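In the two complexes that follow, chain A is the common piece, with chain B as its partner first and chain C second.
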Partner chain A sequence: MENLYIAATPSSPEVNFDFAQHHLSVRGESYPENAAAFYGDIIKSLRDYLALCTDTSISMDIALAYFNSSSTKMLFNIFEALNDAQRAGNKITVNWYHDEEDDTMLEFGQELSDDFTDITFINHAV
Partner chain B sequence: MTTPLFVNDQLAFCEIARKHHVIFYYVGYFSQNIVAAMADAVKLKLEVSGVNGPTRRKLFSSFVEMAQNIIHYSADALTPAEQVNHEIRHGSVCISENAGQYNLLCANPISTDVAEDLRQRLEALRGMTMDEIKQAYKESLRAEAHEGSKGAGLGFLTMARDSREPLEFEFWPMEQRPDVAMFYLKASI
Partner chain C sequence: MTTMQMSPLPPMSFRAVVQQPSALDLCVETPWVTADDLNERVLEVFSKHRDLTSLPVTEDDRPIGLISRSIFLSQMSKAYHKELYGRKSCIAFMDKDPLVVDAGMDIESLTFKAVEFGEKALADGFIITREGKLAGVGHGLQLMRIVADIQAARNRQVTHSIEYASVIQRSMLRTSSEALQNVLPDSDLVWEPRDIVGGDFYHFASQKGGWFGAVADCTGHGVPGAFMTLIASSSLGQAIEQLGADNPSQLLGQVNRGIKQMLGQINDQDATPGSDDGMDAAFFWFNTAERTLLFAGAKSILFVLHPGEEGVEMIDGDRKGVGYVDSDMDFNWTNRLVQLRAGSLVFVTTDGLIDQIGGPKAIAFGKRRIREVLLANRHQPSCTINQIMLDTFGEWQGQQQRRDDLTFFCFRVQES
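Take a look at the complex of A and B:
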């Protein structure tokens, strides 16, 4: 399956899904005008890729300095897709990067790991 | 030589802004490009002023929520009402600072039909403790994750969570347009 790369803009993150290497990353800032439109195709590609994976180790790096309220819901949907893939027999590791001073980002990461308990969740304060 | 009248007006405007410690003010049309450009300027201003990281993020976050609410919900639009992408709508945002505390204020006209719904949601938020706000945020995140909404419910909760005082708001009737009210919202960071 073809890799997915979307360059960052001032209000949307760099998305680099290297499906061949099973290494996915989202980094930057996320406050697009329409988060559902921005993330819709990304989540679809992710789900298409995950559906093809069996017994695969997959890593996802998330390094977002800031995301707006409508992006938070889309992140939730990404985690849901990853959690489903873990249950289907894959091994998912999420690296969650946040500013060491930023409690809100830390708490949001904890929220996600509380809800999606099948995923291995590694917190990185930077 | 007498000072031209427009210079006096400009000086008076700047004097009021100075008295109220305004560090950023914009009134006009809001598009996503304009918001991204303003967000850049606000972020840099706060960095240069030596504001700590968490406060910067809270201010930045509330600023973006307010500005994007104007893009999506202001009743004064340049783009057709049915257009949902690349919207351009009118409003204003103001950031002022006093002894390390910041006030964010935004204003935009809003349909009176929407106003009542906003009033109820904002009143409910004002009655909540911070723990209740965080709890409501978590619930709303899960409840809204599958809906197609542009996210205003979660947006208010995001601002309320980052505000050191309850969000303040006002609706003022507009004489020329009975179907529209001017909506003011204030967050204190």
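Take a look at the complex of A and C:
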């Protein structure tokens, strides 16, 4: 499957899905005017990729400084897809990066790890 | 050599005809030469018309090329060139493939075409024809000017439209802030949409035995956010009429159903609905006699400071948004009862305050800084506290862009 790379803009994150290496990353800020349009294809190709994976170790790095509420919904959809893949027998590790002083991002990461218990969730304060 | 005449304007009509700007608006009358003319003739024309940047060449009135002044003069100034080429046909130094457009071509297509064509269309200009015959030339600078004018006019139109929408949105909020001032003298509300209109709204209503307050943040900002506030706010208004205002949990449930129904957010197997929008909100009912606050929150938080106590109490709502496809039709938000006293301070905000990026490390403002501002200024009137919060927020934001709409509300329980 072809890798997916989208360069960052001021209001949308860099998306780098290296499907060949089973290494996915999202970083930057996320407040596009139309979050559903921005994330629609990203989530679709993620799901297509995950459907092909069996017994695979997949890592997802997330380093976001800001995202708005509609992007939050989209992040949940990404996590749902990852959680489903874990249940289907893959091993998903999420690396959640945030600034050591950024309690807001720390808390959001904790909420996600509470909600998606099947995924291995590693918090990184940097 | 002759000078082109533009066709006369149609006779005056009482009805103003507004036409989309086209290449015709850029068309400048120009001298021209024919393929039979010689280079010495071209030199003459360029000497006579000092401002002429390029000269069209025609055959039977149809353009066949464009002679650029700078290219032509630099060629002719070379040694012996005047002698060698002066008596030869002017097509020698002519660009045989200039940009040629019809006078009726709209400005947007023309702009794309000129950019695609490259630098020479902008530097040397382009030929404008009518029914295939030379009508004149257009210049890059004029094209830029007209594009800038069109852009400015469009922006102005959109801005005026949104500014008027803002009049409507503010009117909707005004009755609430008036109701608030009547029942709560020591209270203050900040509502700052990021883009003229916004997705945050508030609602206050005074009823027998107390008052109801809502601070809500709909998904999106700008125009789509403002649409959502109208839907959510009218749904809330209807819910209060039906159910009264003293049960925030019930009201959140009713607004949830209202939004889902209005936007057709029913999780269907075969069809994905278009809208997955909703809101975060704090709904609360203050019982004046008991001094209790009944709070139901959808992804929102209440900050409470009691007189004589050191810390800030933070009361979390449920982590479930109102509306959205994945919220159940009958989800039940929890009512939390908070006992307040005379002098207790309550602060509630949308995430525009908490999540704003700023400071030396470009990270979120966060709840900690909110608590610090509240603690340091707890004895001030609500309006001073809010002003200091806004100033602190502004300093934090610094050169960063505003990320979201901003709404926060502060009140102090009165001595009776």
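What we mean here is this: the second predicted complex is superposed on the first by the 126 of 126 C-alpha atoms of A that agree within 3 Å, B and C clash if a C-alpha of one lies under 4 Å from a C-alpha of the other, contacts with A are read in each partner's own complex, and residues count from 1 in each chain.
What we mean here is this: contacts are C-beta pairs under 8 Å (C-beta built on N, C-alpha and C of every residue); 3 or more make two chains touch, one makes a residue touch a chain.
Quick caveat: nothing in here was measured; it's all calculated off a predicted structure.
Participant: If we overlay the two complexes on their shared chain A, which of chain B and chain C does A:99 touch? Say first, second, both or neither.
Facilitator: Both partners.
Participant: So which one touches more of the residues on chain A, chain B or chain C?
Facilitator: Partner with more touched residues of chain A: B.
Participant: Let me test your reading of the model: by the given contact rule, A:70 touches which partner, first (chain B), second (chain C), both or neither?
Facilitator: In the superposed model, A:70 contacts both chain B and chain C.
Participant: Touch check for A:31: first (chain B), second (chain C), both, or neither?
Facilitator: both
Participant: Under the contact definition given at the top, report the residues of chain A touching chain B in one complex and chain C in the other.
Facilitator: Comparing the two interfaces on chain A, one with chain B and one with chain C, the shared residues are 10, 31, 33, 36, 66, 68-70, 73, 99, 101-105, 111.
Participant: In the complex formed with chain A, which residues of chain B make contact?
Facilitator: These residues of chain B touch chain A: 32, 35-37, 39-40, 52-54, 57-58, 60-61, 64-65, 68, 71, 84-87, 138, 141-142, 144-146, 148, 150-151, 154-155, 157-158, 161-162.
Participant: Given the complex with chain C, which residues does chain A contribute to the contact?
Facilitator: Listed in rising order, the residues of chain A that touch chain C are 10, 29, 31, 33, 36, 65-66, 68-70, 73, 99, 101-105, 111.
Participant: In the complex of these two chains, what residues of chain A are touching chain B?
Facilitator: Against chain B, the touching part of chain A is residues 9-11, 31-37, 66, 68-70, 72-73, 76-77, 80, 99, 101-105, 111, 115.
Participant: Please name which positions on chain C make contact with chain A in the complex.
Facilitator: 217, 219-222, 276-277, 280, 319, 321, 324, 351, 354-355, 357, 361-368, 401, 403-404
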